[in-house]
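Chain IDs A, B, C, D, E and F follow the sequence of writing; residue 1 opens each chain.
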């Protein structure tokens, strides 16, 4: 268990939060996205924060309690598991604790219980399953060491962005570059959006007709039947 | 890419839309239903329209842009993929484009991104996953050739019906027959519903007691424990 | 088919309903929880009742109709299947019938159709899938014999508790003991919750620091990078 | 942990072993078959024996060691798990132990490690996965209480039959009836086999042509294209 | 049920059989491959033949018996199912029948039982699962109408090629073109293979270095750590 | 693409190869094991080597060709993919190339084609699927940057150990420690094995009876039925 970690700049984290998962994922070169089985327990939240990492074992949530000892305001707890498991190692009591400690949310590669209460508290949680299955506190894992969560390598202090589209991780030292690229992408998309709303085609806006023909696309008038 | 296709009669399409997936599926003899992993991005939409088909490759959404070139008002875009893939090849910008072009909705055997924005736009999308994973525009597939989408063969111009129960496909030439059978089924079910609401049993309404006994069902008074 | 079964005491069933799935599951020693693929068709319901069991075959819902013959007010119908199947063997007409008969809800290890109508009726259903796939009435299964549903053994008269967290089964003869243990757990958790809300750590409340060190957890100040 | 159990008659167990999984499953009315994810670690074994049951927790194989204390010659160890888990809780050392104790084989609703060594020893194992993932010995489960394993309820002393087709469980008190029905089925199938080998059709042997027409099968000469 | 179908030329079918699945799939433009869950019951077979199609319902194998009535020497039976199902609708007795009728093999989007006996008979079977689960003969499906099997549209008379790599379907009218393209591919690969065996790199044989640089691949000497 | 990497000492790699996956995984503290869906294309191989890493995109195997440029004798190629994909990006021609270059084997978080030829060549391959699905060469990924493969973080130069039990990864700098711990474990297990073969129980060898009682295990004589 490692007590102290480096964290990214709060303003940049704020920018990533505003940009959201899809834009951040594209802006950092289409990497860092957790597998799509990671779903929000309730829809509508959008957060970003510094990762506190915990590695648990299947059916055991002990390290989540340990992680609470080092969580700071604005952090996001990322829980990995040493093998595939959907047990409900996180519920309303832990959500209460994390909320009191100022955590922004939790990302669980295990299950979440008390789905209804957590939705009512509006505490943001992403998980691989909703399951009431209870867990034990018996095996030592790790806190604030690098983990793999839902297919993505997460180091403590990396920035986690999560919304209805899933969860993406930005390495701490790339945060400024990604935020900048994201804002540029956002501007560019605003222009594209306006043109698409008028009925212009992506084929023309992105100028794809020639490359389609070059790659061999053939046009037939039809109908064929 | 085939520019022109035959479409079914708009009134009949309207009837199928009103009947909904479950009734249409039964009315055409329990065929044409896509696999149940196809779920709406937001609940509450119910649409029917003529299929424009696109075949993409995994991680590549180029053909969706091509398909926009031949979409007409009221059509539904059906996107198949040459192997199992959940990448988010359809998002808010494409939804904006399709809405501007008059498409009724989209059926994706891949992933959908921008779930929150698309829900906000009330643009109807069914997909096998929600995923922010970005895609490239590199490989030629096809537009308006027959495809297999979520286990169902779809030809351009077939009528797609989609609601909270999933997605069903009606071959273009069967549309009138299925609509008629669906309306008859609907009427018959109204009578059954009224009897069930009064507490009558399906066993009696459908007259199943004798055939149950013939097939060997035995009655024991019990309790057995 | 067995006509009569023993049922648990209504007051105790009411207590279990109020306690909910997660607490009941813990209170009976972390057993009896159905697999987490069992999800509510609509969120927000929380029920408990005596199990009427039906065993169907894949693609066949005949035994659900038979089970209606023995359902009493307050019961919950539990439908198992002889192999994995997601066909929509339960829909709005059956929901209408069960509601008229006073059933509290349905637990389906198969699919549910008419998701929208059933949500509108506020009739509680948990299922492994939403699917419009129609079923036949051709094969004899059983009603009110023991079944395995979503990984849990269910005997007729066992108490089923279901909410947004899933479905748990309490053996009929354990009901009083489990209800009592659940109420004690509830009280204890209220105290814990109050302390967590003030920012106290689970590590301290549950007094886990020493056992963590005993098991070998090491503390490093960090940061490591 | 229950030390003593009733076992079925050894001769009848021998008959079930000879009949094999498919015939036994049919003979007892198409019930008792574990889910098809249960596969042999090596192909070619065919065994039957009395079930010793163990319930483990995910990532924990402690109860397998406890079960060894009550295993008798000819028994089959059946290991269930309180939630879905593929960790390798059984390997070559445990196989060595069970072989020394006279066990006929093992059925694991978890993972098996040391696949190569166990294949070399010709010790029969069926499991849901092959995985080297290590397990702990931390949580108490049960031995010789009823469990659900791969979708089937197993009581200690029930007869387990396993071969390349999977695993089927026969309730201890039904063993004689099922063995007799299986032998009759075997004889009947021998006659059918001889007729099929000569090129006779099942349609004629089982006399199905009329019922097919009654159910609405229509014959078209074709070809249709 | 359609009695007569068109079949492709036997010599061309022989060529496709010799070329095998991977080459045929590439030769027809990377289409027609069934999903990879379709696996051989025993390894080492490689066949091609004209498709006889059967559509069954889950847990019901009646239409396989009907299909036997129209199978001719050299045909391959393709069994689709109206929803996902792994029940063992095909076993040793049916394999005996099909062998006697001259069928080359069977492709099942359901389960196969009697895996050991069928392996011993060396009768080629591909299936989505091995399962002893018995099936009924209760519901009418179709024989020799187009079906979707494991994600691929199959029309009666299409040529099915199957080996250890899986199953690919060639539309009947494309057979000559695909066989020719496959043979050309085979020749070209022989040259490539010889060069690779000498240690030449694909980068050079396929002349990919420039396009890699054009697409932005950057070279770093390293090591980076 | 990074040309040069650090590699571990060849003797230590040899020790890890001899110890095998299960022992190495335990020896390094039960970490580094890839998910159990990673299976050998043919059984019986057991290898260890330095990882060359490649990151591909779904349906695209271009980076495998690039990786061949930096492979040295004794290396193992580890192929990750930016999203879940089973396409057959590795086949007999690439196996021929890698064999000629001296690679020990390949670990693919995608599909493998030409299963039969590769088995015949005795070239060791682990993959998540066998699939003939062809791939393109269109998108730039990376070679010799850290990747996540089947749930495990792999850095270039880490040692990969693979056999019938799956695939485990040892960080390059931990190799000596893990090899030593593995050899100690091996010795200890030899003693345990000898005792188990004589019929001693694990309960006694590991001295677990007291801790079982302490944790609450209760003994009942039975039988209970």
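Definition applied: a contact is a pair of C-beta atoms (placed from the backbone, for glycine too) under 8 Å apart; a residue touches a chain by one contact, two chains touch by 3 or more.
Quick caveat, the model's predicted, so the values are computed rather than measured.
Both subunit B and subunit D are touched by A, C, E, F.
More than half of the residue-numbered contact pairs at B-E reappear in one of the options E-F, D-F or A-F, namely A-F. Rounded to whole angstrom units, the spacing between the C-alpha centres of subunit A and subunit E is 39. Chain geometry summary: the mean Cα position of subunit C and that of subunit D are 28 Å apart.
Residue positions of subunit A touching 2 or more other chains, listed in rising order: 30, 33, 82-84, 86, 131, 133, 139. Chains touching one another, given as pairs, are A-B, A-C, A-D, A-F, B-C, B-E, B-F, C-D, C-E, D-E, D-F, E-F. Within the complex, the subunit F residues that touch subunit D are 21-22, 25-26, 30, 33, 36, 39, 43-44, 46, 163-166, 168, 189, 192-193, 196-199, 201-203, 206, 208, 212, 215-225. Across the complex, subunit B is touched by residues 30-31, 33, 35, 82-84, 146, 148, 151-153 of subunit E. Listing the residues of subunit E that touch subunit C in their complex gives 57-60, 82-87, 131, 133, 136, 138-139. Those residues of subunit C that touch subunit B in the shared complex are 1-6, 62, 65-66, 68-69, 86, 88, 91-94, 96-97, 100-101, 111, 113-116, 119, 129-134, 137, 139-140, 144-145, 155-157.
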